[in-house]
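One chain, chain A, links the two complexes that follow: it is found with chain B in the first and with chain C in the second.
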Partner chain A sequence: MESGRYSNIKIIANAKIESLKGQAGNYNVTVLKRPRYVDEDLCTACGTCVSYCPVEMPDSYNEKLVNSKCLYIPYPQAVPASYVIDPKYCLFQTKNECRQCEQACKDLKAIKLNQQAEHIDIQVGSIILAIGFDEFDARRKKAYGYGEYPNVITSIELERMLSASGPFTGKITRLSDRKHPKKIAFLQCVGSRDIETNAYCSSVCCTYAVKEAMVAKEHDPDVDITIFYMDIRTQGKGFESFYERAKTKFGIKFVRSRLASLERIHESENLLFKFVTEDGKHHSEEFDMAVLSVGLEPSRTAKELADTLGVKLNKEGFCQTNEFSPTSTNREGIFVAGAFQSPKDIPESVIQASGSVALASGFLSEVRGTLVEQKECVAETDLTGEDPRIGVFVCHCGVNIAGVADVKKIREYVETLPDVVYAEQSMYACSKDNQDKIKQIIKEHNLNRVVVAACTPRTHEPLFQETIREAGLNRCLFEMANIRDHCSWVHANEPQAATEKAIDLLRMGVAKARLLSPLKEETVPVIPKGLVIGGGLSGMIAALSLADQGLECVLLEKSKLLGGNLRGIYYTLSGNDPQKLLRDTIDKVTSHPKIKVFTEADIKEVTGYIGNFLTRFSIGQEEQTISHGVIIVATGAFEYEPKEYLYGENESVITQHSLEEKLALKNFNSDDLKDVVMIQCVGSRTKEKPYCSKICCSQAIKNALKIKSIKPNSNVYILYKDIRTYGFREEYYRKARNEGIIFIRYDDNTLPLVKEENGELRVEVFDPILGENILISPSLLVLSAGVDPGDNRSISKLLKVPLNFEGFFLEAHVKLRPVDFPTDGVFVAGLAHSPKPIDETIAQAQAAAARAAIPLTRGYVMVEPVASIVDSEKCFGCGICEYLCPYGSIKVISDEDGDKAQSISASCKGCGICASKCPRQAITMGRFTNEQIIAQIDAFSLATSDV
Partner chain B sequence: MSSNVEKIGAVMVVGGGITGIQASLDLAEQGYMVYLIENSPAIGGAMAQLDKTFPTLDCAM
Partner chain C sequence: MEEGKESSGSNWEPKLITFLCNWCSYAGADLAGVSRIQYPANTRTIRVPCSGRVNILYILRALQHGVDGVLVSGCHPGDCHYLSGNFSARRKFAVLSRLLEYVGVEKGRVQFSWVSAAEAGRFAEVITEVTEDVKKLGPAKRLVKNSD
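This part shows the complex of A and B:
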């Protein structure tokens, strides 16, 4: 949605790349834009045409569960917000008849039935491929009956069913009888981890199945849900506790099993699951509905695109990349991000997106800003001495609002309010053409305040503010009433009440608007230099990436040497050389003219705010202070030091890291490798350390395979809870099984028992397949020790950035802002954020650098006009505001007048916590003054009978 | 790449799902001209079909 607002993003939808010429830095791309048969610029998405269109077709957005017209808008929030005609169904396109839509749109003339395909030539310096994935076609697994048995659906279909705006308004519905199912089974790994279809793991299905099951339970607590699976792979940040919650709080059943058959029961249209559990027992159970958790496949457009661009694909059909450069393709200047690189979830996709931007920007840094036109800034109209003249726009939002509330009545009421000189109804207040209209009306009617009654200010306020600004009004002379979420949505079945509430909200909004005054828009300059804390892989990559983007930076490392955990990694699962990566990266960092490295540096104090930080640190006895504009936290993590399984007591009990070192440095004798037992989840997924450390399964398999390659007749046992070799790592799990590595599963009730008898190690573990305990006397017991965040409290305090309850740094938004902190100008990458392997660390470090480069390259930050303002006469310096501010944006400063709070407007988000808690009411928030809020409350208390 | 190539301060992003949108926004914020090419009639990709997202159950829209 936001992307539609940027003048330097041109969206070309319904299009594909036809050809590529030129070379990196200066590519000539021809884009084929298929006809839409609707003029995007003219269409207001009013929807009138739809009622005239006589042709129905399956609605792809709703997974074809319902029909739409062949003249349609893909989904309500679509960008471009314009209708489109599907030529495969349109009567004019197929039979040269009908043309009713043209008639319906005869005033706007937006329907263009004779529109032709366009070939557009575009010159670009670089290309980022982010074509995503396609879902696995469940029909290919014939045995599951998808497409044949009505009550077998895919997980994506369930997703649409669960959506309130979906085909069944949020009700899970059996397609056979439209009844609500009471017993649902999920089947995992459909089109994943399956040599008949896709051998790799799709990485996301376990967690999305858990999510859908939980949402289904929220909709109906009585529904009985069972998830049939091989391993539960909830390896991402926060996912393990999510899975635990599903089991313990939601009562969702998880059954580890192999499915023998899925049969249709014709009379009831129920489904009979026949399955075999680990102990070899056969079971059968009947369900009302089956959900297939379909995997992620390469996009169906991948092959053609790769051929056109000369980009290589891997054997699975995803874009080929290297572990150490996860967002680079084989072609210079062409980068990749998201699920096209490998199946991945949203946070990882967003991280790679920003990561690829760092590379593209590094490649083009000298021409940055050359093609972007600066928007001409219209001078603000001086309103001194003018009385309020308010214009109100009441939005229909198609039928979203108007389908429930009486918009005409609302508008007529608003016209009676004081100082309202103009009121009108808009079909879509947010449409592009309506913005022009608003500007025109502001001029015509000399408006000096604007109120829009529509959807939520969270998404739409900036758009309208931009519009009134372009018409010469200060952004703060704007007020919004949310009559969609708060009225037509929550009171969908009470149109009368929805209308009345909308009227109340508008009366309040207008009352406030009368008191609005313009607020100054300021900018604060940014020191174009970054500070990176931590000299491990993520810190070094972040520093290099900033430097490659043309920006100076300082890298601080606490210890003597750069490299961090990477120093102890000697080989990777896919056979790359991490020690070479280490040497190369250190060389680049230490020789880069834009990077200054300080080792043995200890940070003493960080002050300031985005654009103007001041950091004091010591090296030995010496102290230094540097000023910089942004901070990247890349402080890493540690290997957990086990307290269990005789670690530290018996020297044959070691961790995976020490095993790797032994193997790499050949520091072992042949007998050491005779019988090796590895125990997974030591310091992970336990009561004390509940999170999954993500890397240990792959690490164990990597080391186990290494042992097998050194000594093929060795016995290697891996005792595990779930094997989490997600994505393409699955290949190595299969290889390990084929090479005779023995996997024995345990759970919290059957933890392995480790003893020392006569100086010999004994491991006793229950084998669920054999149904009995087995005893092993290992020559080496290797503990897969998890990732320990260490003590991050001091950095967290210095920078005023939060930690999660596990001790890792907590980002601003788990999904959409995975490398940002809530505090502006501070970013996070690598193990400090959460456990992750090398490729994800590199992508995240690059992502942090790309995000950090935004204020640095721009050179200034805009100050939010809604910022705290301290009345120093009233303030007595108690410091409550400083303590409570989540963004570190208000501080108590001592000077000759005593202690006084001072607002740091550059990073203030205008949340108002300080103002609401100030015992002296010394803090006001622009646009939310006490007078304005009281006026709103007074307006509300006007009885409805006065209306 | 020969050093005499005249570089262009524009980037093409192919694919308008969450990945492509995030890349476009970051590039635009950094001062590049961005062409966002989407195969289907609207951007949004797979995420636009999701109701809620794990692990916070936030709305996907």
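This part shows the complex of A and C:
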């Protein structure tokens, strides 16, 4: 939606690349734009044509669970928000008859049944490939009966069923009898980790299955859900606690097993699962519905596109990249992001998207700004002397709101409120066509305030503010009522209470809106320099990305040497040389003219705000101060120091890091490697440290394989909870098993027991396959110690950025803004954000640099008009405000009128502490004045809610 | 005045106002929504930049006008987006609590809590607890101005 609105992004939908000529920096791309048979500039998406269209076809967006017309908009938020005709079904395209839609649209003439394909030539300097993935076709696993047994569905179909705006309005439905299933089984790894189909792990299916199961439970708490799996791989940030909640709070059953068969029971159309658990026992259980957690495959267009562009694919059919340059293809100037590179989840995709932009932007930095279109700025309408004329838009959000609250009733109520001159219901208030409509209605009804009742202002306020600004209204003449996140979603079973609450919230919003006044927007210049805190891999890559984009930056490292944790990594699973990466990166960083490196630097103070930060740091006795526009936090993390399993007491108990160093530096004797036991999840997935450290499984397998290559007859045992070699790392897990590395699973009830007897180590562990305890006397016991965030509290306080429960930095939005902090101008990358391997660290560092480069290259930032305003008539100069202000943004100034407080709006953050403590009520806050808040209170408390 | 005000019969539902700081508690409430965690529908939210923005007069005003309970929720101590706004709020509310006690407003009618952006479950729990507490206390009467 945002990209559709952005003047420097041109979206060509329904298109493919036909040919590529030229070279990096000067590519000539020929695009074939297929006819959509609707003029997207003329179409207003009113939908009248749809009711005339007589042809139905399976609705692909809804996984073909229902039909749509062959004249359709694929999904509500689609850009362009314009209809399209499917020529395979359209009667005119197939039989040269019908033309009903043309008639329906005879005023606008947006239907163009004779539209032809266009060939468009575009000159570009660089290309980013983000073609995504296709879901695995479950029909290929014949034994599961998909497509044949009606109640076997895919996880993607379930996702649509669970969607409130989906084909069954959020109700899980058996396709055989339209009943709600009471017993559902999920089957994991369908088309993943399977040598018959795709050997790799699709990375996301465990987490999405857990999510779907939880949502299904929320819809119907009585539904019984079992997930059949091999390993649960919830390795992403925050996902492990999600999995724990699914087990403990939601009562979802997880059964580690192999499926022997899935049979259809014809009478009931139920499904009989026959499966074998770890202990070798056979079971069978009947379910009402089976959900196949299908994997991610390369897009079906990947091959053709790769051939056209001369880009190489890997053996799995995804875009080939190197571990150390995860967003670069083999062709210069062509970059890749998202699931086309490898199966990945939303945050990883967003990170790569920004990361690839950093590279493309660096590649094009010399010509930056040359082809940019400046947005026309509409003059603000002067409202002096005008009475409020409020327009209210009540959003259905599909059925997210309308499925619970009575939107019509809310709208009718709102119409009765004072100063409301217009009210309407919107299917999706945030859709692009609705923005145009809001602008049009502002003009038609001469509105001077707008209230939208929809979702949360934290995500959507800027969009609507932009819209009303385009219609000539000051951004501050806008108010939102959160009737989704705070209402329909959380009172889903109380439609009447939800409707009443929504009405109250709107009345309060309108009461506030009546008192809104326009506030001036200021711009503040940006110092075009970045500060990167931390000189590990992520910090160095972030600094290099900024510098390669032509921006100056300062890199502060608190220790003597650059490199951080990378210094202790000697080889990788896929055979790359991290020490070479270390040397090369340090060389580049230290020799780059745009980067200034300070080691042994200790940050003392950070003041200022986006565009104008001032950082004071010391190096030994000396202090320095630098000014800069943005900050990237790349402070890294540590290997957890184990307190368990005799670590520190017996010298044969070491961590994976020390093992790697020993192996790499050949600092061992042959007997050391005779019998090696590795214990996974030491300092991860425990009570004290509940998160998954993501990298340790791969690390253990990497080191185990290394041991096998050094000493093939050694015995290596890996004691694990789940092996999480996600993505293409699965190949090495398979290899490890093939090479005879022994994997023994344990869980919290069967923790391995480590003892020392007569100076010898003894490890006792229950083997669930044998069903008995086994005893090993290892020559080395290697603990896969997790990633410890260390103590980030002081940096967190200095920069005013939050930490999560585990002590890692907490980003602004875990899915959509994975490298931003809520504080503008501050970004995060690398292990400081969460545990991650080298490739993901590099992508995230590039992403942080790309995000940080936005204000730096633009040269200015807009200051939110939230600052405090002092009424000097009322102020008597007591100075309480100056004393309390955390930013030194309000000062008492003495002049001939006496002592009066003055606000410094450029650094004021708008917290309002001064305003709430002012004994004379002399201070008010931009968008949160006393009068406005009191109006909200009164609008609720004084009203009789007889609705 | 409303009918429900006169008695605390079984149909009576308390009216609550919650002041939520934009950065932590409001975000926590959003996350409760995204996570579809259900809680009682008695509260109406007023978004403020910081718990430190909440003027004591707002709370008194609400109680005077017949709101049965008020919750102010901000970032955890030390996590304030504005560094010290929540401490400022805490000091202020410590004083307010004593004042309310003095004038005879029952304990539990005005509550303060810390809920972070990540604590969706905690948010729902706090709302449930406050609603239950106020339900037990019955309609607020002590400060209500007799507007009839």
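Side notes on the structure shown:
As a working rule, the second predicted complex is superposed on the first by the 722 of 947 C-alpha atoms of A that agree within 3 Å, B and C clash if a C-alpha of one lies under 4 Å from a C-alpha of the other, contacts with A are read in each partner's own complex, and residues count from 1 in each chain.
Here is the rule we use: a contact is a pair of C-beta atoms (placed from the backbone, for glycine too) under 8 Å apart; a residue touches a chain by one contact, two chains touch by 3 or more.
Predicted, not measured: the structure shown is a model, and the values here were computed from it.
By the document's definition of touching, of the two partners only chain C reaches A:911; chain B does not. With both structures placed on the common chain, the touch criterion links A:368 to chain B but leaves chain C unconnected.
Legend: residue contacts after superposition of the two complexes on their common chain; A:276 is shown touching neither chain B nor chain C.
In the superposition on chain A, A:482 contacts chain C only, with no contact to chain B. When the shared chain is aligned, chain B and chain C each come close enough to touch A:215. Greater residue coverage of chain A by touch, when chain B is weighed against chain C, goes to B.
Once the two complexes are laid over each other on the shared chain, residue contacts for A:265 go to neither chain B nor chain C.
Contact with chain C, but none with chain B, is seen for A:504 once the two complexes are overlaid on the shared chain.
Shared interface residues of chain A, touching chain B in one complex and chain C in the other, are 215.
Chain B meets chain A in the complex at residues 1-2, 5-58, 61. Contact residues on chain C toward chain A in their complex (touch as defined above): 2, 15, 17, 22-23, 26-27, 29-30, 32-34, 36-39, 41, 44-50, 52-58, 61-62, 65-67, 78-79, 81-85, 88-89, 92, 116-118, 124. Per the touch definition, chain A reaches chain C in the complex via residues 215, 218, 456-458, 482, 484-487, 489-494, 497-498, 500-501, 504-505, 508, 793, 797, 800, 802-805, 810, 822-823, 866, 884, 886-887, 909-913, 915-917, 925, 928, 930, 933-934, 936-938, 940-942, 944-945.
In the complex of the two chains, the chain A residues touching chain B come out as 2-3, 6, 8-17, 23-27, 29, 31, 36, 61, 63, 73-75, 77-80, 84, 122-133, 135, 156, 159-160, 162-164, 166, 207-208, 210-211, 214-215, 236, 238-239, 241-242, 301, 305, 332-333, 337-340, 345-346, 349-350, 352-354, 356-357, 360-361, 364, 366-372, 814-816, 850-851, 853-854, 857-858.
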